[in-house]
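Two complexes, one shared chain (chain A), two partners (chain B, chain C).
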Partner chain A sequence: MTIELLSANHAAAMAATLAGRANRGARGFGGGVYPITPQTECIEFLCKQEFEKGRIVRVESEHSAMAVCMGFALGGARSFTASSSNGLAYMTENVFAAAMYRLPIVMMAVNRTLGPPWNIWVDHGDTLALRDSGWLQFYCEDNQEVLDTILLAYRLAEDRRVHLPVMVCQDAFVLSHTMMQTDVPSQALVDQFLPPLDLPHRLRDTPVTVGGLDFPHETEVHRIQHEQAMRRVPAVYGEVAREFESVFGRKPAAPIVPYRADDAELLLISMGTTASTVRAAVDRARERGVRVGSVRLRMFRPFPSRELELALMHAQRIAILDRDISLGQGGILWTEARGAAPREALVQNYVLGLGGGDIRPEHILGIIDDLGRRVHAESPEIMEVAT
Partner chain B sequence: MEIRLHGRGGQGGVTCAKILAAAYARLGRHVQTFGDYAGERSGAPVRAYTRVDDQPITNRNKVYRPDHVIVLDRHLLGRDVLDGLASGGILLINSGEEFGAFDAGLETYRVGLVDATKIARRHGIGTRSVVIVNTTIAGAFAKLDGIPLDVLEETYRKLGFSGNFAAAREAYESVRERPARFEPRERGAAPQTTRAAPVQALDEHFESPPTGLKTGAWSTQRPRYIEALAPCNAWCPAGNDVVGFVQALARDDLDGAARVLRSSTPLPGVCGRVCPAPCMEGCNRAEYDGAVDIRGLERWIADHNPAVALDHPALETPLRVAIVGGGPAGLAAAYTLSAAGHTAVIFERERELGGLLLTGIPNYRLPRQVLHREVASLLARGVEVRCGEVLTAQRLRDLEREYDALILATGLQKVQSLVVEGSNLRGVEDGLGFLRRVNLHGAVRLHGHVVVLGGGNSAMDCARAALRCGAERVTVAYRRTRAEMPAIPEEIEAAELEGVRLLALRAPVGFAGGERLTAVRLAEVDLGEPDATGRRRPIVSERTSELPCDFALLALGQSADRALLPADWELCDGHVRREGQSLRVFAAGDFATGDGTVAHAVGSGRRAAGRVMRAFDVDARVFERPQRELAVASSEIRFDHYERAERALERCAPLPTRTRGFDEVNLGLDSSREARRCFSCGHCTRCDTCLVYCPEGVVRRTDHGYELDTTFCKGCGICVHECPRKGMEMTTL
Partner chain C sequence: MTHEPLLGGLSCTPKKRGDSILRPGGTNCGGCGMGIAFHMLERAVGERPIQMVIPACCAIVTPGQYPRSAYGVPVVAATFASAAAVASGLAGTAHMNNESTRVVCWAGDGGTFDIGMATLSAAAERDEDILYVCYDNEIYGNTGGQRSSATPIGAVTTTTPRGKTLRKKDIVEILAAHRVPYVASVSLAHPEDALRKMRMAIDMHGFRFLHVLSPCPTGWKSEPAEGIELVRLAVRSGLFPIYEVFDGTRTDINVEPDFAFDALQRYFALQNRFRSDACDLAALAEAIREDWARLRRRALEETTC
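Up next, the complex of A and B:
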C-alpha cells in the first residue's frame, strides 16, 4: 500500500481501476462515461488507464453512459461510471433500469445542487432524488472512505444474495476536489478481496430477451425479490466489512457511525462531510458541559432503521441535519429518520448548507444551543450559512 | 496550521497550495488542500487553501483564520485578503516593489516580497499567452516557513514539476523578509447563524439589476492589438512589404498590391524571376503545407500591372546625387531618391543600364524586355543617365565636388582567377565573360563537352547557356556537395532536368592540352571541420583525374575592386572618409556588401539613398533592415485555423524545346490565387476570431481593427491564444 496525496475524484478513479483490473481473469471491465463538473477529474483519470481486458467508452450523454454500463454488466463485465447533479437527472431512466435488471454496477456520484439557476457546489438533493431507484446508496465523509467504499460496493453488488447496483456518494469540492493523504492498496490485495465476477444472469450463447413485458403479478414478484435483496444487505455488509478488514488491515465504517453518543441527551444526525464538522462542534460543546453526540448515517439505502433506532434509544432531543430539501415537505433525512426516534423525544429538522453553503462548527454550535432551548419541535428550520 | 492563497483564475493558486501540502506531507504531517471553485474562471479573484496538522484533519471548512497568507496578485491586497490573518503570520506578496510601497497596517505580519512574475517569465513558465506564477512563489513560501530546499526539490520531482524548480529555487533565494512587530489582536469574527430573512415575493423584483461588477479590475494581464513583423518582411533583403502586397493580392486588389510593392523596389519583374526568395525560406507556411510562392506573386504583379502611378513630391531644392553603376543597387538608389523628389544621375560603363542583370543573366531566365520595361519606367521618373563612360579615380573626386552626394554601386568587378597550369589554354574562359558575350552579342557557338567550374548561380547560368549554345554535354564540377551549392535550388534542378551533370567534391588543379584545351584535371576533395560559414571546409586531396573536355568555363566568384577608389578614400561601413573626415559618399550593393543577389542590391541601394537624404535632413526616413529574430515564429501561428492547400505550381515551357533557344523557361503562375494561402503573420485580416472567442464579449470591431473594453476584460488571454496570426499579444499590467 502507498500513501498518496489525492483528491476524492482521483481516489474513486483509482478504486474503480483496481477493481476493474481485478476482474481480468473473468469478463474484464468497462463503463460508459460523460463529464460533468465536479466529477470530470474522476473520469479523466479513468480514461487514461489501460485495461488488459475491457475499456472505458466515452459517450455523448449520461443516459448513454449508464446504457453502456448495463451492456458491460449484462455481458458479465465489472462496470463503473460517475456522474453528478443534472447529469444524474438526465441519466435517471437508465438508473432505474440498471437496478430493475439487477446489475452489479457501481457508480460514483458527486453530490451537486440541481439547477437551474446553475450551482456547482454540494447538496444532497441530486442523489436523494434517486432514493427510490432500487440502488444501494452510501454517503462518504472523507477521501479514504470514498476509495474503500467503492471496493466494498463491488463485493456487495456482486454478492449472490444482493445483485444490485451501488451508488457511492461524495460531497462536491469538499471531497471531490480536496486532496488528502490516501492509502491506495496494491493490486494484489484488491485481487484477494474482489474475486472474479460470475454473474448468473449474464448473457451467454443462448439468446434471451431482457426487460420484456411484466404482467401485474410478475411485477409484484420482482418487487418482492428486489426488496428482499435490499433487506439482506445489512447482514452481507457485516460479512464483507470483516473480510475487508482482514485483507486491508483497516476497518471500514459501519452503516451508522455514532460519536460520543452513548451518554448523549442531545443527538445530531447528519450525512456526508457535515458529520465531520458536527464532530468538531460536539467536542467544543462537550468542553462546555453539554451532553451532545453525533450519529452519521453512512448507508441511506437500504435505510438502516433498526440500527438507527438502537443509536437513538436514549436521546431526549434530536436534531436532524439535512443538506437537501424535499420542497413542500422538509429535509429528506428528517422525513426518513424521524420514525426511528423514541416516541417521547423532541425531533427538530434543520436544513443547512444548501447550494454549497460552508457549514462551520459555529453553525452547528448554534443548532446545539437552539435544540437545548426548545420547548417543542416546529416545522423544519431552513438556515442560511453562506459566506 | 492554515494557509490561504489569494490569486486570480489562471495563476495556478490551487497547484501552489498543493505543492505546499505535498511538501508538508513529505515532512510527515497530515495535510488537506483545496481551492475555491466557481463559474468565474480566468482573471477572477480566487482562493486556495492548505491545512497542515499533526493529527488527522476533520475540519473541512474553508479557511477563515489563516496562520499565513500568500498573495499571487499584489492588486488583490485588501481587507478581505488580510481578514482573520494571525498576528505574526507570514504575508507573502508577489511584488517587485519595496516594503515602503505597501500601506501601513502590515507591521504585525512577517511580510515577504518576491517578484515571482518576473522570475516565472524569465524561466518561460506559463502558456503561450499568460505567465503562471504558482510554482515559483511556492519556493518563496518554503523559505519563509523553513521547508528545506531538498524537500522542496523532491516534492517538485514527485509532482512532475522538476522543470519549474529552478524558478522556485530562485524565488527561495531571492525572497525578502521584514519581521513582524508582534501585537496580539482580535481575529476575524465568528460567523453568525442566521435564519432565512423574509424573502420578497417573485412579483416584487422584476427589473434586471444594473451590471455593477467591473471585471476588468480583476486582470493582471491584458491583450493588446498589435501589428507584428512578418517573417517574409524580415527576411526580404530588398526591404519589401511582402505581407502587404500578398495580402492586397489576396483581396484581389492588384493596384493596391502594385503600389505596396513599387513603393520599395523598381525591379519587381526582375526579382519576381531571379530572386532566391529568402522570404519563402522564412515563410511560416513552410512548416504547414509549403511556403507561399511569393516570388511568383511578385512577378504576377509586375507582369499584370506594369505601370502604377506613384506620387512624386515637388521639392524646392532637390538634391543632385551622382550614382556610379547602373546595376540593381544603383537603380534602386536612383528610384528611392527620385521618389522623394531628388535628382539622380546614373553613370554606367556599358551602353545600357542593368549591370549584371544585363550582362550576367541569360534571357531564358530574365527576358531582356522585362529589364527594359523596368528601366524605362525608372527613366520616365526623371532619372538622368550617362552611359559608356569608364570612371577614373580623378573623375570620382570631381563628381564628389560637383554633386551633393555620390553613391558607389559598381558591383563586383574583380573576377576570381584560377592560377593553375594551363589556365591560359584556348578553350578556358571566364564564365561571366562568356555570359556577357552571350547576352550582349547573341548566341556564341560551342561544341562537344563543356565543363563549368563553380557552384553558384553564375555556374548554373553558364551551364544552361552552354547547352543553348550548342554544347553536346555539360558537366558542373563543384568543390563541396550539392547541398552546399550557393545556387538557387530550383536553378540546380532545372539544370539537371535539361541534362547538366553535377560532379561534387571536385576542385580544378590544372588544364591539359596542346594548343587547345583537351581535359581539365580535377582533384578529389575531402570535407574537414566546419568553417566560419558553418559549412565543412573543403580539403583538396592528392587524388586527381582528368576529365576530357572541349571548353572550361570558370565561375568561381567575384569580388569588389576597391582599386578604383582615389587613394586617400577610405571605405568604412558603407561610408567613405577622407583623412578622418566623412564625405557624402556612400557605397551600395555588392560593392559595399558582396551579398550577391539582386534583392540584396536593391535593399542596399535603397538604404544608401536613405543615408544620403538623412545627411541633409535629419527627419528623413532611415531604412533599417528588420531583425529576423523579432519576426512572428511558426509556433505563434494557429495552424488549426487554416485549411491545407497545396502550393500553386508555376507553368514551364515544355522540356524538349527549352534548350533549343533562349526563350523564357518559367512562364509564371496562371492566377494570383496563391496569395490566399498567405497566413498574414502578425497582420490582422479582420477575421473576427478574437471577437468570436472572447468569453466576455469585450472585443469590438472599429474602423482600424479591434479594441477591447478594458472595464470588463479579465485578461484571460483566449483572444491572444486563438488569434490565427499573432495580431494580439499579452502585456502585464
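Up next, the complex of A and C:
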C-alpha cells in the first residue's frame, strides 16, 4: 500500500480503476462518462488510465452514461460511472432501470444542490431523491472511506445474494476537491479482494429477453425478490467488511457509526461530512458536562432500521440533522429515521446546510442547546447557516 | 412464488434449430412491415451470433409477456432513448473479449427520430460497432398513433387531428452527415436490394444505419395486404428515395423512380390517414423533384471528384 495525497474525486477514480483492472481475467471493465461539476475530476482521472481489458465511453449525457454501463454490465463486464446533482436527475430513468435489471453497477455520486437557481455546493437532496430507485446507497465522511466503499461496493453488488447497483455518495468540495492522505491498496490486494465477475444473467448465446413485459403478478414477484435482496445486504455487508479487513488490514466503517453514544441522553443523527462537525461539537459540549453523543448514518439503502433502533435505545432527546429537504414534509433522514427512536423520546428535525451553507460547530452547539431546552418536538426547524 | 433466479425480468424460451429471430407467438398486427423486415434481417444474419437492443416501440411488445419471449436471439429491452448507448456497452464488451457477436439496435421512428436522437447521434459520432435499424412506421404505434417527427405531411394522427402540416425529418441525410461507414434506405418492396444492404451492413464494422419504411396498417389506416404495394408506390413516386451513403462521401442511388404522379396519388389514396385538404400533392411532387435534384448532384459530384 502507498499513501497518496488524493481528492475524493481522484480516490473514487483510483478505486474504480483498481476494481476495473481486477476483472481483466474475466469480461473486463467499461463505463460511460459525462462531466459535471463537481464530479468532473473523477472521470478525467479515469480517462487517463490504461486498461488491459477495459473501455471508457465518452458519451453525450448522463442518461447515456448509465445506459452504456448497463450495456457493459449486461455483457458481463464490471462497470462504473460518476455523476452529481442535475446530472443524476437527468440520468434518473436509467438509474431505476439499472436496478430493475439487477445489474452490479457502481456509481460515485458527488452530492450537489439541485438547480435552478444554479448552485454547485453540497446538499444531499440529489441522491436522496433517488432513494426509491432500488440502489444501495452509502454516504461517506472522508476520502479514504470513498475509496474503500467503492471497493466494498463491488463485492456487495456482485454478490449472488444481492446483485444490485451501489451508489457511493460524497460531499461536493468538502470532499470532492479536498486532498487527504489516502491509503491506496496495491493491485495484487484488490485482485485478492475482488474475484472475477460472473454475472449469471448476462447475455450469452441463448435467446433471452432482458427486461421484457411484466404483468401485475410478475411485477409483484420481481419487487419481492428485489426487496429480499435488499434485506440480505446487512448480513452480506458484515461478511464482506470482515474480508476487507483481512485483506487490507483496516476495518471499514459499519452501516451506523455511533460516537460517545453509550451514556448519551442527547443524540444527534447525521450523514456525510456533517457528522465530522457534529463530533467536534459533541466533544465541546461534553467538556461543559452535556451528555451528548452522535450517530452517523453511513448506509441509507437498505435503511438500517434495526441497527438504528439499538443505537437510539437509551436516548431521551434526539436531533435529526438533514442536509436536504423534502419540500412540504421536512428532512428526508428525519422522516426515515424517526421511526427508530424510542416511543418516549423527543425527536426534533433540523434542516441545515442547504445549498452548501457552511455548517460550523457553533451551529451544532446551538442545536444541542435547543434540543436540551425543548419541552416538546415541533415541525422541522429550517435553519439559515450561510452568511 | 419467489423462486430464483428471475433477475431483471429475464425471459427465456428454449431455442430450436432453425428458429427465426422473431419466432411464432409475436403479437404484431397483421400486415406489419416490421415482421417482414425481421425475416429479411434473419436471412442476412444467417448463422452469425447476434444480440439485439430494442427500446420502447412495437417491437418490444411483440415478443409477448414474461416469462416467455418470441425472440429467438438474446434481446435487451432498453429504455426509450437508450438503444444506441446500451448497444455501445454490449459491443464494447464483445470487442474486449474478442467475440464476433454483432450488436443490432432495432428501433422505431419514435426511438430514432425523436427521443433517441441525441443517443443515436453520439453513438454514430463515436463510430460504435453497431448496426442500427430503424423500422419507420411514421407514427407512435404502440401508444395508439400519435405524430412523430417521422410522420409525413398530410397525415392525420391522434395529435394532428387536422393532418400534419410539416414534412418529415430526413433521417438518412442526418446520419450521413455523421460520416459513418454506411447509411442506407431500405425498401421492403425491393427484397434483393434490401437483402444485399442488410448482408453488407451486418458484416461491416463501425456504425451502420438502415432506414426501413415499415407499413403499419393500424396507423396508416390501410389494408394489411397492401403494405408492400404502398412501399413500392412510395419508391416509384420518389417520395422514399432508395440510396446508400458510404463514409458520408460516396452516394449511390439504388432504385430509379419513375416519378409518376399517379403513383403519388395512389400512395395517398390507399391510406385513410391522409386528409386530402391537408396536403397539396402538386406542391409535394415539386418538393420531391427538388430533393432528387440535390441527391443526384451529390451522387454525381462524389463519383466525378
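Note that in this section the second predicted complex is superposed on the first by the 386 of 387 C-alpha atoms of A that agree within 3 Å, B and C clash if a C-alpha of one lies under 4 Å from a C-alpha of the other, contacts with A are read in each partner's own complex, and residues count from 1 in each chain.
Heads up, the rule we're going with is that a residue touches a chain if its C-beta (ideal position, glycine included) is under 8 Å from a C-beta of that chain, and two chains touch if they have at least 3 such contacts.
From a predicted model like this one, the values you see are computed outputs, not experimental measurements.
Q: Superposed on chain A, are chain B and chain C clashing or fitting side by side?
A: Aligned through their shared chain, the two binders fit side by side on chain A.
Q: For A:Gly212, select first, second, both or neither according to whether it touches chain B, chain C, the two together, or no partner.
A: second
Q: By residue count, which of the two partners contacts chain A more extensively, chain B or chain C?
A: Looking at chain B versus chain C, the one contacting more residues of chain A is C.
Q: Can you pull out the angle centred on chain A between the C-alpha centres of chain B and chain C, to the nearest 10°?
A: So the C-alpha centres give an angle of 70 degrees.
Q: Would you check which partner chain A:Pro234 touches, where first means chain B only, second means chain C only, and both and neither mean what they say?
A: Neither partner.
Q: Looking at the overlay, does A:Glu60 come into contact with chain B only (first), chain C only (second), both, or neither?
A: Once the two structures are laid over each other on A, A:Glu60 reaches chain C alone.
Q: By the touch definition at the top of the document, which applies to A:Gly372: first (chain B), second (chain C), both, or neither?
A: Neither partner.
Q: What is the contact status of A:Ala73 with respect to chain B (first) and chain C (second): first, second, both, or neither?
A: In the superposition, A:Ala73 contacts chain C only.
Q: Output check: A:Pro195 vs chain B and chain C. Expected answer is one of first, second, both, neither. What do you get?
A: neither
Q: In whole Å, what is the nearest CA distance you get between chain B and chain C after the fit?
A: Comparing every C-alpha of chain B with every C-alpha of chain C, the smallest gap is 18 Å.
Q: What is the shared patch of chain A, the residues that chain B and chain C both contact?
A: In chain A, no position sits in both the chain B and chain C interfaces.
Q: Would you pull the chain A residues touching chain B in the complex into a rising list?
A: 3, 5, 37-38, 118, 120-121, 173-175, 177-181, 273, 276-277, 279-280, 358-363, 366-367, 381-385, 387
Q: Help me check something: in the complex, which residues belonging to chain B touch chain A?
A: Residue positions touching the partner: 18, 21-22, 25, 30-35, 37-39, 57-62, 64, 190-191, 193-197.
Q: State the interface residues of chain A toward chain C in the complex, per the touch definition above.
A: Going by the criterion above, the answer is residues 27-28, 30, 32, 53-55, 57-61, 63-64, 67-77, 79, 93-94, 97, 100-103, 163, 200-201, 203-215, 218, 221-222, 224-225, 228.
Q: Looking at the complex, which residues from chain C come into contact with chain A?
A: Per the touch definition, chain C meets chain A at residues 1-2, 4-13, 15, 19, 49, 51, 53, 60-61, 63-67, 69, 71-79, 81-82, 85-97, 118-119, 121-122, 126.
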